[in-house]
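Several structures are given next for inspection.
In what follows, chain A forms one complex with chain B and a second complex with chain C.
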Partner chain A sequence: MSTALRDLIANPNAAELELIARYGMLPEDARRERAFEAFAKGGLPHRRVEGWHWSDFKASLPVIETPAQPGTAQDPLPADDAVLFSFTPTGFTWAESLPEGIRVLAKPEAQAFGASEDMPLGALAAALAGGKTKPGTLMIEVTGQDLPRLHFRFSGAGEANFARVQIIVRPGAKLAVSESYLGGAGFTASLMEFSLQAGAECSRTVYQRTGKAEVLAATAAVQLDEGADYRQTTLAFGGKLTRLETRLTHQETGAKATLNAAYLCADGHHADITTEVRHGAPSCVTRQLTKGAVLDGGRGVYQGKFFVPRNVGQKTDADMQHNALLLEEGAEVFAKPELEIYADNVECAHGNTSGALDANQMFYMRQRGIAEEEARALLTEAFIAEALEEAGELEDVLRVQARAWLAR
Partner chain B sequence: MDCCGGTDEHEDDCTEVTVKEGIDAKTVEAAKALESENYSAGFSTAIDMEFSPKGLSEDTIRFISAKKEEPEWLLDWRLAAYRRWLTMEEPTWAKVRYEPIDYQAYYYYAAPKSGAKYESIDDVPKEILETYEKLGIPLREAEVLLGVEGAAETAAAAREAPRVAVDAVFDSVSVATTFRKELEKAGVIFMSISEAVREHPELVKKYLGTVVPQSDNFFATLNSAVFSDGTFVYVPKGVRCPMELSTYFRMNAENTGQFERTLIVCDEGAYVSYLEGCTAPMRDENQLHAAVVELVALDDAEIKYSTVQNWWPGDEDGKGGIYNFVTKRGDCRGARSKISWTQVETGSAVTWKYPSCILRGDDSVGEFYSIAVTNGRQQADTGTKMIHLGKRTKSRIISKGISAGKSDNTYRGLVSINKRAEKARNFTQCDSLLIGGRCGAHTVPYVENRRADAQLEHEATTTKLSEDQLFYARQRGLGEEQAVALLVNGFVREVLQELPMEFAVEAQKLLEVSLEGSVG
Partner chain C sequence: MLKIENLTATVGEAEEAKQIINGLTLEVPAGEVHAIMGPNGAGKSTLSYVLTGRSGYEVTGGSVTLNGEDILSMEPEERAAKGMFLSFQYPVEIPGVPVMTFVRTAMNSQRKLRGEDEISAPDFIKKSREIAKQLKLDAEMLKRPVNVGFSGGEKKRLEIYQMMMLEPNFLILDETDSGLDIDALKTVAEGVNAMRSPERGMLVITHYQRLLDYIKPDKVHVLSAGRIIKTGGADLAHRLEAEGYEGVVGEAV
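This part shows the complex of A and B:
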């Protein structure tokens, strides 16, 4: 069977062969097979595939190996009061005792993953998560309101780290989730699935900071039922190649989503923020603000898409903004804010800017006696901070991280 | 809101269209006027034609080359392109769907039997002259001078009336080129590309394929192999072309494809304004139009290229219509050169077209102004590429897409700032409007910035374009949307009004188009 799957990938590279081998060692499971097939149809996505043009995984991941110099970032997101789930290349652990309102089901078999062809690296995570004795999918059911935050940490040196988590937030429940991607593994692929039922609320904070050698694909699939409210804030520093992708579907009336992100890329760091929002029900709201700042040798990629289907997408209210600063020559920012609209009574706006800091603002600061370096740092921080405002209790932590990076 | 309430994208058959409140009634009317039942250029001309053997092979290419009495180098060039084409795959990334094209089902050369180029306008077959007259394109210089409709009644009015030199391309051949003599006096070369190959081989050889190389893309490579006729323009150093130049493309014969090739070279400090019009008869089968247009602007030169594209769009059920798969690219090769594309797109069943500018010269400027209206089952995937290579290069993109009926209208554009493009600037604004709930409007902008000192703005930052104007309008009590609509409309209107009247019939109808109710 794995021979047949191997044939699916044209000219597989060493990394793809390794992924096929890893899949071959896992217990047989029809849904796992289905997920792996979805990945194998195209293999590691590359620049010739629309949607991966600026983030070529096949080129960036010739082999899967432990990085010689893995990232050493400490996790800045506090875990003391949170329920911690820790994923490493050798497996995962979580707190023995859970508060009432949170139930964890570790399923030995993989769960079905819909639309997997559209998310090849999410499908890969679904296919390779778990192991012979370890559960393939971690399912978490949330029923309470006053719950501690769930914190997912992805770290530890090794070749590869695969994880899959499904979170179901029952009607009216409230949840805060945070994730830290700290690198260590040569390749990390995760799939986080969120299902918010009627009136449920969820805030998700993603922090990503790895070394220059790591390749990461963190995929989130989010589904919102009637009146659900989902708020997401991401702070990414990039790696050799990192992609934080969110696919969100408004599936019932009146759902609301906020998808904010900031990326800060230094030399040798590539951060890709990709989102696709499907307005599959009338009168849903999406607000999206992405900010980026990039230094010489860094690359920021932003791809956003609103998809508004015929009839059901009526009265969509969606706004997408991406603003990037190229702080030095040699920085690169690539953006694609996309709209696909089949309903006529909608408001979809998008805006995209990239360039240097506003000269007028700089002048204002300078004439107030602020040194150029400081003025630049202040303005950049203010610029980035706007995208972190929805992060709730974690906003300050993220701001401190952003400020420290800018002060370097 | 949909009268059928169905969810299937392509199966609902209701005829009544409910238009969202707030959409300008004149816009709806303007779009309605462009529905296929109102297509006035859909007649065909009965005339004896000579065809190449049906289908595509090296023999077809040799046939075309021999018909045109081409030199050996050009035949070799065509054959090299053909061999390359055989190894290429048809692109599928555009948001358009059509039945696979059988490239062997077309005639790649069709010309009136009585010969291609005529010594004098009096030798041009009556049927052809009538065809162009019916389309409102005068081929007799005297008529042009007086205006076809006898509009210029006084001598003064005649002097005022703008004159347009026309190259008329009928299927695969150019049948007439007007005002050649007068243009020659100014040093401007204006002739069909077949003639240019014979009369100015050095110029053609120097520039042909330098902007759109043979291997550029599937359709451009096909064109390089089989191109039949098109226009060649050369404006020498320092000359401001004394009149508007234009080519009117008419597809007439059944089962033919039209593969014209246009090459316009503006030497240092020269200026030319060029217009292109296209129509075709209503036919039930799909016809292929795969043209290549290359523009070269040297130091301080300016080329203004305008298109009114009104190929037969197919009937309301999507039967027939032209596949318009065109590669248009301008090369601002010289410093301070400028190329501007203006297009009014109302026709074709499927459009795949991205008129682009390569801003190579320092301080060069690229502009793209587009209005695309789709109706019935039309699909348009169109936009532009602005490739900033030189220092302080500037580009501006204004695109409006209006979808009605069951059509799909996509803006797809690339703005790319190269590492060396110091202080490059781009402004992009694309608006879409949906009329009724069974069509689609899409925007796919790609923005690649590799310069910290570049300034790129897309869409919602409209206010930056004319903050002062907007402020002025706002303080006079206009709402923000109203003010933006007014300003952008005024802007587009200005562009369209520069189109000469003969070519602007369709464009004029669109002047009523409004931004209100725009979806983003």
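This part shows the complex of A and C:
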């Protein structure tokens, strides 16, 4: 490794040195370089960096190695009727026969990533996606309406899995996207970019389940044009450290976004749900509901921010709710809801609660003969269910997964 | 059937614990309905929670057996599986869990604890339909989350619906008449009376005699300061109504 490359990150740990080495092996590319520099400026984000206080990647990722006991979860999201794109640490496969209305371009080189400074791990994914077997950028253009779902699967044992996907939904087009993050790699970083043009619709479902050894940063950057409608539903079980981050910008009038998520964390699992929504145009709507339930030794992190600038954010209608259940002593939930509003004619609300299950409800159920564990599972499922209601045809699949986890 | 002997119990944690049940002795044989009446604070609701095993209510002495089995060492759900049913004074709302799901889960959990097979879906639905009709319950109501948005009367009728679905051996009705208008009271009483059988016992806890006009007790006990201070026939309820607790309690002391 050349000295110049090595100096890119100050005081690098072994994982960061490995990331530099991987970057050094990729073909030279000015846009890739800019993305890597944006990451390298701070290196792996750590507790002293704003927005990363509760999710310290530098501490959780001292080295990049294949997990000794990787999560072996099957993908519960059905792919039979979907167009499947599969990213593994060593390769990339996809159907290659596509219906009309979907165009796919697997480009070897990186594309410019504008907001790289705000999303260091998204920038890292942009910089390290690619190589001999994988696309630098997977570009997808959607023009149709009655299309099969696009399913992205991130799995397979190995050291690291990087991917970058850009999806452009043309005016009036309709698309359903799903992603499964199943672990296997010691470190997975993805960057999913969605650009919804005027009147376009997109529903995105994210399922994340890995073993206790995996570290994941799945970053999504979403831009909405006039009247676009974006609906996102996440179900996360955490891992050693997992962060599902969404940065969404309403950039034209009348766009609508729904960002729902549920997290369920058992012992040794850390799930971070972070979102930032910028109301960069008037009369846009955001609905956000996040529900979590955590067991002893589990850790949930929720960070949500609405940013409404003075000149452009008038008539914003935005609501943010986060409710967490601490199912046992020793469960941890950290929440930071933020409203940063400069426009004066807006409706913005937020709520944030955390607590234990209701003792009255528990006793009532047990009095009717429902065993304590089952009562707890039933109440918890009911508690998080609302956050999965917008997942359309995948709602039932997510419910089944949540129920199975609760029944353990 | 249900035998309570010299029961003492406290409510609250550690140093805050307060003795509410003070040496209560009572026996309800199978096939009989007994009423417990008493002024506010006598320990009526506490007794129902102690019998059903609610946490925070600690038994400090005495014994309770159901058909000869010690129930005090059992978890609430085990007591339920043995046939103990408490109709709550304030039925609890459970958002997100539909009534049918709830009752079917309860029924199958009880069956599992007893080592029985689960009820089939068609059998469950058939039974539910018949009972709902009897209680004048709207089928739509059974699809809604348990007690959420129900009126006081609807909640009490739903308690009786659950009771009739689960077919317990021993029923405890805690202030079942509170919040009911006369028509709802009649419907509820009809449901309870339909449950009377030679194998089943009932304890009807009430503040007023009104409910006992519709559910005729075999015996009436007066509870005061955590003990039974007087026992009589159905007419005792009328005397309490006429003379007030003070008169009767005063007479006993």
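Rule of thumb we're sticking to: the second predicted complex is superposed on the first by the 389 of 408 C-alpha atoms of A that agree within 3 Å, B and C clash if a C-alpha of one lies under 4 Å from a C-alpha of the other, contacts with A are read in each partner's own complex, and residues count from 1 in each chain.
In this section, contacts are C-beta pairs under 8 Å (C-beta built on N, C-alpha and C of every residue); 3 or more make two chains touch, one makes a residue touch a chain.
Just so it is clear, the model here is predicted, and its values are computed rather than measured.
When both complexes are overlaid on chain A, the residue A:370 reaches chain C alone and has no touch with chain B.
Residue by residue along chain A, chain B and chain C are tallied for touches, and B comes out ahead. Legend: residue contacts after superposition of the two complexes on their common chain; A:97 is shown touching neither chain B nor chain C.
By the touch criterion defined above, A:133 reaches neither chain B nor chain C.
By the touch criterion stated above, A:74 is placed in contact with neither chain B nor chain C.
Once chain A of one complex is fitted onto chain A of the other, the partner contacts of A:341 are limited to chain B, with no touch recorded for chain C.
Of the two partner chains, chain B is the only one touched by A:356; chain C is not. In the superposition on chain A, no residue of chain A contacts both chain B and chain C.
Residues 50, 54, 309-312, 314, 321, 324, 326-356 of chain A are the ones that touch chain B when the two sit in their complex. Put simply, chain A touches chain C in their complex at residues 358-361, 363-372, 374, 378-379, 381-383, 385-386. Against chain A, in their complex, chain B makes its touches with residues 1-2, 5-7, 9, 19-20, 93, 95, 419, 432, 434-461, 519-520.
On the side of chain C, the complex with chain A involves touching residues 52-55, 75-77, 80-81, 85-86, 88, 91-97, 102-103, 105-107, 109-110, 113, 145, 162, 166.
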